[in-house]
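Look at the two complexes coming up: chain A is in both, with chain B in one and chain C in the other.
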Partner chain A sequence: MWTLKRFPFIWLLPAILPVALVTLYPVGHALWTSLHRVMLLFPGEPFVGLDNFVRVVTSNYFIVALENSATFTVVAAPIAVALGVALALFLQRRFLGRGIVRSIVLLPWVLPGAISAVLWTWVFHPSFGLLNGILLELGILERSVSFLASPGLAFLSVLVAHVWTQVPFAVVLTMAALAGINTETMEAAELDCRSSWKRFRYVVLPEIKAMIVVLLIYNALMAFTSYDVVYAMTGGGPGTATTLLAFQIWREGFSMYDFGAGAAVAFIVVLISALLIVAITRALPSDLFGER
Partner chain B sequence: MSGRRSAFNYVIALLVLLFTGGPIFLAFYGSIVPDRVLLDPEVSVFDVGPNFEGYRYIFTGELPASYSEGRANRRMISDAARQVPASLWNSMRIALASMILNLVLGAPAAFMFARYAFPAKRLSFMFLILSPLVPAVALLVPIYMTMQAFGLVGSIWGIVLVHTARSLPFTVLILSVFFRRLPSELFEAATLDHCNNFQSFMRIAVPLALPSIGATGLFAFMLSYSEYMFSLVLSGEARSRTVSVVMAALARNTDVSWSLLNAGIFIAIIPTLIIVVVIWRVVVEGLLRGAVKG
Partner chain C sequence: MSMRIFAAAAVVAGAAMTVPAAQAEDITLEFVVWNYSLDTIQDNIAKFEEQNPGIKVNLTDYTWPDYQDSLVLRFRGGTQTDVIYGGQDWLPAWAAAGWVAPLSSVAPAGSVDALAGDIAGFALSDVTYGGEVYGLPYYADTISFIYNAKVLDENGIDFPATWDEVMAASEALRAAGMDRPIVYEYNQELPNFFDAFVAQAYGRGGELFDDEGRAIFDDPDNAAYQHLQWLQDAFSKGLIQPEPHESNIITTMNTGQHAFTVVYNYVLAAMNNPGEQPLAGDFALGRMPGDANSTLGFAKFYAVTSTAAEDPARAEAAWKFVDFMAGAPYGVAKRWAVEKGLGFGQLPLLTDQDVITAWNDWIDMETLAAQVETAKAGMWTEWTGVWSAYFRPLLAQAIVGEATVDEVMTAGAERWNTLRDQFASR
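Right, the complex of A and B next:
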């Protein structure tokens, strides 16, 4: 690691400036909004202090949405990463038709959230859904179940759909990390170590650990802040069963025109996400931030 | 490799195919089956044969025969379906521009973060990593107002700018992981040979990390292609709408015919699928072979 005396502006500003343009100013704007009463129908934008925050935290949906989002994140992120790593390891094996499988695996990734949502709505559809069809055919079910209309099943269904959209990214990055492993290292490991589990645990895993941390952070954030698939599938329902905190920002701001409350929920989401990042990087130390 | 092991491989491969490709196959099936067959458990597609009326309507505007009859439900046909081909072209241009900008702007920064220590390194890196945390919904209104001030609402360049800025942190983060893995002996040798920072970046880091750069660019492409919220508010009228916006409009319309919706979905999938497969094959698989040796 070389040391430079001055901040390398020419190298870094092209990346930092656009990001600052779409982050710092809007965040400032949102902070201002969260401290004022900004509603489309009321003239004037008086300063109300923390009123918006208090109103949001004490409203009856908040705890439910927070719980839903927390469960969603804690379940979806590790499953997506684990599936992605497992798939990437599997695709390292040689078998006929591997190229096709490798391409198909990427499919969910190329689809916009709205399309994925429609596809999965179809899988779970009560009258002509694929899942009902299979379960009825196998005799596991007697009548078709409307998966998206009962609270527990609806949550599970949107979870499956969300994980489905997130797995390919984990596969691609894990494969890239796997390809970066020195072939001599792997050959030596094959000679020294008969058990493929031990080979994975002591040779492969340390090499791809930094990537796994990146993936976990990314997936936790995606699960916590994205809502398009869930919204398009259930609209937050039935009742509040799939209402997520990120969805609530959108609802406060755009369907109720209460931008102050929307900005307040946004700040709470940002705060929790920051805690998530710190927690994950602490729990899984890697050389990602280290100075070595 | 024993027979049992390879049989096991195929079972897993089949499960993977079903899980990832199944819903998409369903979309294709739905697009060639008229709604009345879909909803009737007694009739299957093998009785009536495939039907490409949904596709014909999207490309030519010719109404499917079943909807021109007397008591047919005309509301099941949506004008949004006709916008699919143009929106696809918009999405492609936007995603490609965003991908190129991401790599050009992000790679030098990633190289700096991976290889050098400098004042305010931690601060600037943390800023980049933490910025995507801000949920897009919270940024929507201020960004819309800024873009309007620049006169960029309704043009694809406003969307390109926002997509680029939103995916740059990921590009920098991922690329810096890759650059960090390159053996430092190479860079020491380059310094001894009087390469300056820029030369070691262009002549050593970029060529060696090319597959990773390709994969990262692919990621930026996909982020842009599937992004919905900013595309929606920044596209304005129909001219610069992206495919995600048009598809969402189709999907939210509860009256729309399933076969038309599925035809739209399938059309939206094909071109990207081709691009992904090509990029995957050429960039990732081809260059991975012996390119990066840690």
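Right, the complex of A and C next:
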């Protein structure tokens, strides 16, 4: 007799098959590609073992791109989460025009990354840019600055744009977590403690810390795999100043026509991302997601 | 069966007999372009379809920065693609990979040779690979030195004939209050970034490669080496304003706060467009500074893919379409020239009165003719695109002073020669 308990795998097939098709197959194919010489300009696709990985890791850009990605992740993820939490706390308050402010804060979320990048390119523009305009007007600058052509400033500019795109998601999730706090607890806290910082530290933070950790992991992964903002704002430059590992996947494949090397970089990114997730979750208290 | 049902069945049967016959003749060509002036392209397609019943053209467009990637993905993924916009820098690699077909494989015998006779030398060189013509020019242009003539007049500065004079003029303008006199397209992911550099080196009379195709630009006496040093110096003196794209250059130059730039000629047409730009008419074409006054000429072209060429019916339709868009009597190329200021590779248009009249509004035809006459094609090999992708970030690093000219030129030359050797032993 056909029952759910007797043939569970068959009943799960309709769900498993599409997942396998859209995730396992591409990943498997990418792994195969990384182990073969798939250069469009050379005939054949011979097996080369780990040659692509060795070539990528010993290339002149790899260490720079790895350092850039690490810095980008370490700086962008906490800032995006901190800003998200701060804005969510602010938006919990009742004030005139709160609905409008909420909509404005969430606006970057609905914009595709490339559009956001174009927008920020104009903000940093030396002739027409808002930032140069303000700094010149205030007398902080004597002449305009080419933010995206200066290596240090270009990195900072891309980082700002990336954080801007990520903050709304942190706001939404933090607001959801805040909405879940028992109102009686909050009322009691307001009666017992006048300091808003202490209320946040001892009442609110413990209630939303699980969400903050989730956001940290999510933002670390988003920063480490960031591509669109870099592509549209600086093309990884000047030189390698804003070249991130994820951007290098594209460059190896589509600029250099070396899909084997591109797939190898992709697998290195996946490996580091997995390590990142394990490291962050291991660092958490064991009862973080447990029953209260 | 009632009469009504019988009649309906007869109509359906009749339709079934006629419709498939008509459909069998219909071919829909997949035409892929970068997204410049799509309205004009659609209008040209409509005219072609009107003249060629049974052939439909489906247009797909990508942005210029995404174009190469998108085409590579289409080719690799087996997406039906029949006619494309091609570029001179991509042709050798795409032809070697078997993605595009020689036009002789789709055109009636002799027709390509007849058209090739009308194409300017550098443009013909750009559409040719392995002795075969792979495309007909969509447009052909030179990279040119453009200046704000009014600003120079007002400041009593003569047109600079050499790069040293450009530096001196820029410093004089800077002293007179102009923040950054030179606007430079600075985007290391765009092929134009390298092309413009080559054009400037050609202006100095330099060659980047010897007769056997070896890189020679790592020699400090080489014009390209010297020019990179010049760019680094100009940037460090704060004379250069980088802009990520030519569209930004049009607006930036029209602020009147800059005097010089190096871009394609059609950008000058846009700068001098009185309907759209406040300083239209102030900008002029100058010969590329340097001892040789030469520059880089190039062609973008219509090419037919190998998959289209393998299907006789599709190949025939694809050729008809390419011939309509770029073949004699060059109506479409003329339209681009007159309406948009796009350069052309078809020499008969040089003497076309409509073209001359339209172009006289925004460019000095005498200077243009002299510039075109001295224009040279680039060195396009199977590995040029790959090498250029490697070299452009180095070039960008050197310009902003993050690497020395010697480091960049040495690394660039080594990489070129390595790729050359790899391909020789392929």
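Methods note: the second predicted complex is superposed on the first by the 265 of 292 C-alpha atoms of A that agree within 3 Å, B and C clash if a C-alpha of one lies under 4 Å from a C-alpha of the other, contacts with A are read in each partner's own complex, and residues count from 1 in each chain.
Following the convention adopted for this analysis, a contact is a pair of C-beta atoms (placed from the backbone, for glycine too) under 8 Å apart; a residue touches a chain by one contact, two chains touch by 3 or more.
Small disclaimer: the values here were computed from a predicted structure and weren't measured.
Chemist: Please indicate which partner A:214 is in contact with in the superposed arrangement: first for chain B, second for chain C, both, or neither.
Modeler: After superposition on chain A, A:214 lies in contact with chain B alone.
Chemist: Kindly classify A:172 by the partners it touches after superposition: chain B alone (first), chain C alone (second), both, or neither?
Modeler: first
Chemist: By residue count, which of the two partners contacts chain A more extensively, chain B or chain C?
Modeler: B
Chemist: Looking at the overlay, what does A:35 touch: chain B (first), chain C (second), both, or neither?
Modeler: In the superposition, A:35 contacts neither chain B nor chain C.
Chemist: Contacts for A:127 in the overlay, against chain B (first) and chain C (second): which applies, first, second, both or neither?
Modeler: In the superposition, A:127 touches chain B and chain C alike.
Chemist: Which chain A residues come up in both lists, the one for chain B and the one for chain C?
Modeler: 127-128, 250
Chemist: Which residues of chain C touch chain A in the complex?
Modeler: Of all residues in chain C, those touching chain A are 68-69, 72-73, 76, 93, 96-97, 179-180, 186-190, 238, 241-242, 244, 248, 251-252, 255, 257, 382-383, 385-386, 389-390, 393-394, 396-397, 399-400, 402-403, 423, 426.
Chemist: Using the touch rule from the top, collect the residues of chain B that touch chain A in their complex.
Modeler: 6, 9-10, 12-13, 16-17, 19-24, 26-27, 30, 38-39, 41, 104-106, 108-112, 115-120, 122, 124-125, 127-143, 146, 161-162, 164-166, 168-170, 172-174, 177-178, 180-181, 184, 197, 211-212, 215, 218-219, 222, 225-229, 243-244, 247-248, 251-252, 258, 261, 265, 268-269, 272-273, 276-277, 280-281, 284-285, 288, 292-294
Chemist: Quick check on the complex: what are the chain A residues that touch chain B?
Modeler: 1-8, 10-12, 14-16, 18-23, 25-27, 29-30, 33, 87, 90, 93, 95, 97-99, 101-120, 122-123, 127-128, 130, 164, 167-169, 172-173, 175-176, 179-183, 185, 207, 210-211, 214, 218, 221, 225, 228, 232, 246, 249-250, 253, 259, 262-263, 266-267, 269-270, 273-274, 277, 287-289, 291
Chemist: Which residues, counting only chain A, touch chain C once they are in their complex?
Modeler: Going by the criterion above, the answer is residues 40-43, 121, 125-128, 143-144, 146, 148-151, 231, 235-241, 243, 250-251, 254-258.
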